[in-house]
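First chain A sits with chain B, and in the next complex the same chain sits with chain C.
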Partner chain A sequence: MTQGATLSDAAPKGRVWDRFPIRTKRVIWAWAFLALPIIFYGWIRFYPTFQAFWISFTDWDILKPAQFVGLENYDKLIHDPAFWKVFRNTFTYLIIGAPVSLVVAFAVAYYLDRVRFMHGFIRALYFLPFLTTAAALAWVWRWIYQPVPIGLINGLLAQFGIPQQAFLKSTTQALPAIMVTAIWAGLGFQVIIFLAGLRAIPQTFYEAARIDGLGEGAILRKITLPLLKPTTVFLVVFSSIGFLRIFDQVYNMTSNDPGGPLGSTKPIVLMIYQTAFSSFDMGYAAAQTVVLFTILLIVSLLQLWVLRSR
Partner chain B sequence: MRNRFMLAGLAAGISLLTLGAAQAVEIEYWQYAYDTRVAAMDQLIANFEAANPDITVKQTTFPYDDYQTRVIAAKAAGQGPDVLQLFYGWLDKFQSGGVLQPLSTTAFPHDQIEADFFPIVTAMKRGDDYYGLPTAVRSLALFYNKKLFEEAGLDPAKPPQTLDELVAAAVATAKHDDAGNLISEGITLDMAGQDHQWWREVLTRQFGGVPYSDDYRTVTYGEKGGVEALKFYTDLQTEQKVGQTGFMDEGQAAFRGGMAAMTIDGTFRLGSFRTIDQFEWGVTELPANADGLRSNYASYFANGIGSSAQGEELAAAEKFLAYVSSPEAMQIWLEVVGELPARKEAALTDTNLADPVLAPFLKALDYAQTTQFVDEAGQRQVAIDMANRVLLEGQSPADSVAEAAAAEQAIIDDATK
Partner chain C sequence: MTALAPDAARPPLKFGRIRPGQILIWTVLLLGGLLMITPILYMFSTSLKTASQVYDLRLIPAAPSFDNYVKVLSDGNFMRWFLNSSFIAITVTLSNLFFDSMVGYTLAKFEFRGRYFIFLAILSTLMIPTEMLVIPWYLMSAQLHWLDSYWGIMFPGMMTAFGTFLMKQFFETVPDDFLEAARIDGLNEFQIWWKVAMPLVAPALSALAIFTFLGNWTAFFWPLIVTTSRELYTLPVGLSSFSDAQDTRWEMIMTGAALATIPTLVVFLVLQRFIVRGVMLAGLKG
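Presenting the complex of A and B:
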């Protein structure tokens, strides 16, 4: 906008500006309008990103001026067993969470697509958790997982004489327990996207296949899945990033011992949060952020490459 | 920048002109959000403003989890409060970070502070300066549910006085279902609550050790006492099966819900427990060991003056700080929040000493310890993990304590290097 204004102000009317063809004028106006969001976005997004890279080479603790310490933070990171633990946790969330959620979401969408009876209502039921605040969901699930006498699942188990499970208080069950919640919370969104993808496949393909005598399994393999690929690529990338950045569920479900017993559920984002906002070790937290950024970048590029259309 | 100077000049000019009129100073007070504390402070502010019509105090609160972050972020942005509340254990961080300014010796003479307050006030001193004054101090005690005691055939007038009696009472009151699941605790086990203080400053000493060197810079619970203390603690869950970490989510919730016969908690819980109407509860001193040795952990939130307060705001802040640490304010704080007055004359009154609820806490101030934390959350996490390694992973108490001692020493060394 400012560019447009200066251009028209700089030259007397009817000289330079009027000499531009209408095409050029349009381009100038378009760029003038585009510049605003680009500058704004660059300022709130890219500038802090580069700033984070810089902070990761310092010992900034908010209160005292930052000192350049070189690679010290990264060195500390490599030798920190707590970091490798959250690294493993984060990848467990990703490697199990993302495929399981996609398979479940596809199965739900595939069968829901064939249901006519109360289709809208069932779809709404699946989508509802996605609309609810993650923190509220997490607190409800936290209650569901409690030991007797207040926990829902353990209450049921106890009625059938089955020993109660520790769930969130266990070093082995806590992470799967949280993962189930996270998968369930994100399911509705994935189902809706898959449904849209399924609807976009022309019916004529199916009709032709049936006339040729293909079975349901073959139709699924040869028509549905290949044509659903753009949808799948989008959801794989989207849910992978979601699982790599998991935080709300973990933080809210284990807030009295953040990150679960002995850090068994702690993802990298929670470690960053704690390093930054309870230890105020901003340099170290920034180094962790840079690592997370790199992982996200690599995983996303890798997935796009693997699932690229040939 | 230049404009700001001009504005300041203009403002100064205007304020000179209006010198005759009453000068309204607004100061900002920060504390964390906790219903009874906010209510008590509202009352103190109302009293203070009535006595000082030219000063208004604006109270701002933040959730406890965010509080330190807010203070530090505000300091970084140059917009800190004039008077703020801080946990004594945060002082190192706040003082070295320049969040606080030292109290002037004219407004707050040292000899008076040291004569009037309980000795734990010295935890607010760094070098030759005091950086804050407490309104109230807190200590721990054993809360017990009289109804559950009666049901178990125990005398509700005779709560346990030794560790052996504690275990016996817990065994008598704990309830299990047919499958062996605990459905009502004998005693709550919650390291994330106050149990880590009980283990650190009380049990470790009662089992013959000392948790730290005198300057709190060397961890010594690994040498003696700590292992036996941890074993005593974890045995309550694994051997006697009278408590379970995470039962009803938090220890205080279990006690409040009438699902735990005993819990160890602090004075700050009184306000919340006083609203219980399903059962009667009592308070007693933390149990002694077989030799009669008692210990306790005392702590406090103090109020300090923010480094940005200057000129008339500083004068108003000093007035306000003096008021909130006055005997009158302490009495209000005691009535509303339930925390003990930090001045001896206000605390050790005949009425307070005869009060069955307050007396056990007050007696504890005589023999209480005040741990000097460098990173309260980090050091607490060490204790939580230590208990979890034994309870969840079956590690031996000796190995777990050794690991905890090394981890905590690393935190201390890192903070004091």
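Presenting the complex of A and C:
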């Protein structure tokens, strides 16, 4: 090949290219297609990943040069009661939010799949919230939770003579109130994906089961749920990651005291945001992101493990 | 793939077979759906009320008026944020359509050493949460003077592993014979990809476009970090600061939220089937 290239030095440039075998030409094309993306992924994804680990071992406030401190940030994290509170909040969002939203989404999809009359309209009703901007609708929900005479829910409660609820101003009710908003925002996506999964199950399976005399419950347990497993696993992981990374709703619904009252709604991403961009304690914030990364990695690996053991 | 069509024919219910249970299910589903859009309805309703009517919780305003909209839009910043978000979402979407499909095509249809390694490397970036990268991105942007610029908001999303993976899956279904025929016709590899392969994966491209656009239109975390001047805010970030500044003027907050929601609602109403199918496609393949 190189020989061919040197021999044809006198020939016009196109001739050099023409002498490459087809295979070689295609390999060159492939790397030409990949050149810019390789730079992008290397520079914008891989290098920052390693940098994040490195920063987590340093003490750095941007103004002074970074100082290597080993595992000090992690040690500080383990002994920081604020972190454990945030850790507990984050898992509360996950452990209640993900199952509740999945069960509701499945129930809606399961029944909506059999409805023909106004099917598209009802589906659109469930799907619409997914298309809204979380940062915008969080404020609408904030209004809904206001005390009388502003908020919608307390207004309704008052009409029925039920005592007022503090919602976002209460250290125990604020987190569930925000969680409802997050579930509401993500439900439509899950319904649509469940519907697609249900559609992909061949009708013949159901017909065979009916001929065998299986009841509705048995069909659900023995056919629908097992065949729907890939869809369900995908949604479990997708919504788990979503709840572990919750931020938009919390930030906007508690913007006068982000993560409040008294840090009772603060998730880990909000803590990262405040540590990095309010306190500019970059090393400590990076250590928190490494912890988040580890948690998300475990969740993803669990997914692979569950899918393999099919 | 035909099974994914949202309105794929299922045997229509025969009217003789409608049971009371089905009517109950239908009613519950409809009420649940109406409950789902209640916040959206009240958002629009309150945006049409005056400050003194906000305390009146009726859904239909007594005297609807668009004054709030005029006030919010004449604020000056709002139109700017709207245009910022449009520009950013469209640019990033076009970039993803181009690069993700180019990489997906290369990984699906070319044979070369290192192909599998590149694929795994790109796929592995899915494991890295944005939150972990924002600190390095921020420092990088500070050094390169990208803070507070359109490019600074856009650069992290110009290519995504999700889009690459989605497009690779779809290009694998394109028969090699098509590409070979084009090769014999004398098209070069770029032309084969652009003129022959791309039109064959149009449904996947539209799915990717919808996801990328929606994701960038609603993006909040990174734009909040990278922008500091009000003129460069995206709509969600601008809205957040606007609402915070309004204190308790809920009719203004609702109007801002409504203005951010209207464009996506209009697009959805026009392209409903398209969008639902796209989400199904991307969700199942991705």
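Here, the second predicted complex is superposed on the first by the 276 of 310 C-alpha atoms of A that agree within 3 Å, B and C clash if a C-alpha of one lies under 4 Å from a C-alpha of the other, contacts with A are read in each partner's own complex, and residues count from 1 in each chain.
Simple rule for what comes next: a residue touches a chain if its C-beta (ideal position, glycine included) is under 8 Å from a C-beta of that chain, and two chains touch if they have at least 3 such contacts.
Note that the structure is a prediction, hence the values are computed from the model and not measured.
In the superposed pair of complexes, A:I150 makes contact with chain B and with chain C alike. Of the two partner chains placed by the overlay, neither chain B nor chain C lies in contact with A:V250. When the two complexes are overlaid on their common chain A, residue A:A286 makes contact with chain C while staying clear of chain B.
For chain A, the partner with contacts to more residues, out of chain B and chain C, is C. Of the two partner chains placed around the shared chain by superposition, chain B and chain C are both touched by A:I62.
Contact with chain B, but none with chain C, is seen for A:P261 once the two complexes are overlaid on the shared chain.
Within the superposed three-chain model, A:F277 lies in touch with chain B and with chain C [touch as defined at top].
Counting contacts as defined above, chain A residues 62, 143, 146, 149-150, 256, 277 meet chain B in one complex and chain C in the other.
Per the touch definition, chain B reaches chain A in the complex via residues 68-69, 72-73, 75-76, 93, 96-99, 177-184, 190, 192, 244-250, 259, 375, 377-378, 381, 384-385, 388-389, 392-393. Interface residues of chain A, counted against chain C in their complex, comprise 25-27, 29-31, 33-34, 36-38, 40-41, 44-49, 51-52, 55, 62, 108, 111-112, 114-120, 122-129, 131-137, 139-141, 143-144, 146, 149-150, 152, 155-156, 184, 187-189, 192-193, 195-197, 199-200, 203, 231, 234, 241, 245, 247-248, 251-252, 255-256, 269, 272-273, 276-277, 282, 285-286, 289-290, 292-293, 296-297, 300.
For chain C in complex with chain A, the residues that touch the partner chain are 3-4, 6-8, 10, 12-13, 22, 25-26, 28-30, 32-34, 36-37, 39-40, 42-43, 46, 54-55, 57, 99, 102-103, 105-106, 110-112, 115, 118, 121-122, 125, 127-129, 131-140, 142, 155-156, 158-159, 164, 188-190, 193, 214, 217-218, 220-221, 224-225, 235-237, 239-240, 243-244, 248, 250, 253-254, 256-257, 260-261, 264-265, 268, 272-273, 275-276, 279-280, 283-284.
Chain A contributes residues 61-64, 142-143, 146-150, 154, 158, 161-164, 166, 168-171, 256-257, 261-263, 277-280 to its touches with chain B in the complex.
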